[in-house]
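Here it is: the structure, laid out below.
Labels A, B, C and D are assigned to the chains in the order they are written; within every chain, residues are numbered from 1.
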């Protein structure tokens, strides 16, 4: 592990709008430099993607960007990011993805030239490799298509490159449903970490060659899957909170490999990455209720540098198209934060305290996002002698903090939740920190039909 | 109900697989579904009675708790494992035809779509309610469904989709199935769906949750 | 005019969550008593209302209430209000409206009994009279249908009664498009005021008889119509800001007649009513972007006692049904305010200042909602010797404040906006404060084909 | 273009109705659309030329400014008044058939719906582009549309709706019109509408704004 101290050491320095290592985009947005910008996410309404619908699709993406930028102009906004997360067919046919980036970037450029309005496209191709089961993380031809989209999309005007990579998901899916924390940690801190190293080395290289920004990854398929399942009461919240902590270690790897932020939304590990590495981050909270409900509506914003809605279909609301409406909501959310920033650090901490107190004791998943908890848990993580050890330390520390909150009666949990604290702890304590031993043990347990060790260099 | 069957039902509900299994702590050291089912057969209780009065009710109890938000998925999974341990002993009677399942349910996530968590829960719940479940996995093409129906002509089909873009693929699959099997019952589900969409694509039934599907299948089997 | 002093005299006392005269609902929500509650608004998706769709419609309303209450439970919410604004066919067929209230109230009651979760239904029948042109405000048989819905809906479980009454709208519609401020003031402070007196006397009587809460009115059809037109750049923002002030005088009348609050959303005059009369109010801001865009996303919340989304169709978003998602957003917005309330008045004023500064100098419509501006302008309004005089005073004071903000370079307006300040002022100055004279002048100008004087007791 | 026609065009664009009208202040005391149109006729300029080269271009200039967000509705309304003042002088030539409008456009807000602000703007814009506009008002039943089409068989029809519940009424109206006049061109608009909905109900054209309708009508008239 490259990082063994925290970049931000005091929770008072872990705030929204500022990060120790701000990132400047091509059109001059300084992310983490004292302004929180909206990051608008959007997707298609119910429809097929094929040749006959391509014109329609292109128009829709164009209109989405147009609609948001027009509104941004009216609201006198300082700037915004568009995240373009490709859908399956767009990555399978790179020309589609690349064409859409171009169309959207042209609109961004037009508003920039005409009105000085700064916006950028974050390009997030989806990880195709999970389509093969067991997936061939390294040898799959699907990887070539992804790289074609990375390169072509950046050439076409994307400025930030991201992905929600899925190494280890073939193991984590079952682990989540069974609440098997050992297998989950294996999925993330062995398989996930190894895949991230391989993939992000490539992505960072491409960005460096093109002068673009290798932004960051997110363990959405792990952490947010757990959260959505917990919201539905399918798995314990305590478990989901621990999963969130374990995702940190995995996602950290992209920064070790050269990603510089802003880290992606769709997960909440960003706040840990910010504490550990100092990069700026994108977070999502209440205004992503269009995409999923969550127990972290306000607290998720406590340290955000970008503020996202995760995803909304391009459908009509009474006011107009949903992406425009959601852009407006994000803009007002960030205006509030930016007013506090204008007033200085006391005001930032005042607003942050409200955001934190709003959610902290309603759910253990909120608790582990509180800045002082993040500093404590992140402090444990960086002590890890390897990724597994780091995960174990973080998870145990998180459980201690949750337990303390329960014992002091601040956090009220049902009994059927509370019993998971102990049982997770004792499970975690049996995990060997030695990687090859852990691999051996796990293969003995789940075999190698689900995942192919060689595809992870094992 | 015989004491034995009641115990067996409890083991399924609570997820007590066999004597050595450590879960649930409260039943540590006691017989599990495995042992109790064997005993029941030895006592001469009819396999069909064991199935209908112990195993299915046990699963349906945990299923109910689950659908009321009072049990977690891992608890349901462990109940399913307990049921499987018991079913092992009933297998010969299925083969011989002495007992029957309520029907066959073929389920899969439609092509282009990899989301399977919801589909798996549905599969498990329906299995627990006494149906044989053939799970075709994710990213399933129309042909695969049609082939499977050829093998199980009386089956009911279930389709799952989680993406607004793959919902449209459901329509393709429904069409291809109905082409060959105009009367085939097709259930659809998944977060972005709605009753309206179900009607539009000509599927037979939509349910937002597994419980709804189980209720529907009850009527079908009756 | 009954009110000639302000109930709240200092802008520091004009805050969210507290009003001098809190209102307690049947199930024990204390509105204006130290907690800001969400007020969820919703409507049907694209569909017809007829016998064949009635079951479907009933199910939809039931599911909306169920979905929000279930989520409220999960979020450990202190309570919420549902506003049921009837659609045309529901008021034309009172049994439909009444049946829907019953279905929804049953769900509210169930959650109250089972879980102690407090919720209430605000019943807002739509004003049918505008369907006849020129409308017969007093003699129309449509009034009987409305009264049937008032009475039946309250019997069926509605606890708060509201309406967006439309007296004077037949004149204001053209006045808005022509930006004719004289006719607009005539529509509101002559016709509107007279109609409000007649209608609200009836509504208050009904509520008193049934032990229900006569909540309040809103000039949505005037003020928000102007705002939406200004957002589209169809009319000047300066004009829309002045219209907003003039709506105050009209809506005040419902309180003179006995309405006690919480005043309705769908307009922003509530904050003035709170300052003048001390009643609690419902406001809408950024989280009503589903219903209309606005320039007042944060500032609108500065003094809110209920926080509303105005309206959202019952359609699917990626997370689930839109009303549930919007409920969640409202809940997190109010949590933030309620955290500040828990900390005490300094914290309230800190958060309020951010909300205000966020918007105040982006648009004159925001400016006139700032608490200190409200206190100044409301102070002028209550000096009015009659409703017309009050409107004139308020409008002129508002123009002065806008002008000052422009001159001091705080508020930046295009030239084509600025010229309206003077031209509106000189138009307003020609208005006679004597009602009969004003009536005479206006009839000479627009005739009596558009409106029937007798229907306003003229 | 003659100096006179250019002046007339300016008067329409700026909303100078006649000599005594005080708006716009910059043209105070000068001749307005009223006087200039009369003069143009007296100078022997063909009415069709006056219409096509001064009045319509004047309105279309303000219309363009409006659609770019650089002019307010009241400015457009006053331009429309200036145009009307000029048209008064052209009236006899319409009656005699010497000049023609581009066509007749029948517009109304559908039954159940009272929103007319948007519809009025559309009507005004289309009128300004040289069409005769028959405005049926709000809450308009299908029969009323059919009756009006009987009177103006070559007309193009426009429907407006602002409520999600009255959108459905558009479908009824389209059906009843197409029943009798299968080829009738029907434009639809209003905030909740979409291209998809337009296709679904079988209307001919959807535009989110008046400008789109004007463009479409241009093609129709050509």
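The rule we apply is simple: a contact is a pair of C-beta atoms (placed from the backbone, for glycine too) under 8 Å apart; a residue touches a chain by one contact, two chains touch by 3 or more.
The structure displayed is predicted, hence computed values, not measured ones.
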Of A-D and A-B, the pair with more C-beta contacts is A-B
So, in whole Å, the Cα centroid of chain A is separated from that of chain C by 39
Chain A and chain D have mean C-alpha positions lying a whole-number Å distance apart equal to 51
Cα centroid separation, chain B vs chain D, in Å, comes to 63
CA centroids of chain A and chain B: separation to the nearest Å works out as 34
Where chain A touches two or more other chains simultaneously, the residues are 43, 313, 318, 320
Chain D residues touching 2+ other chains are 164, 192
Contact graph of the chains (line, ring, star, complete, other): other
A full list of chain pairs that touch reads A-B, A-C, A-D, B-C, C-D
In the complex, chain D touches chain A at residues 164, 191-192, 194
The residues of chain C that touch chain B in their complex are 316, 318, 320
As the complex stands, chain C meets chain A at residues 43, 71, 74-76, 231, 285-287, 289-295, 297-298, 311-313, 315, 317-320, 322, 324-326, 328-329, 331-333, 335-336, 338-340, 342-343, 347, 350-351, 353-355, 357-359, 362
Chain A residues touching chain B in their complex are 43-49, 87-89, 130-131, 133, 173, 176-180, 225, 229, 233-236, 313, 416
The answer for chain D against chain C in the complex is residues 69-70, 72-74, 77, 112, 114, 116-117, 120-121, 137-139, 163-165, 167-169, 192, 197
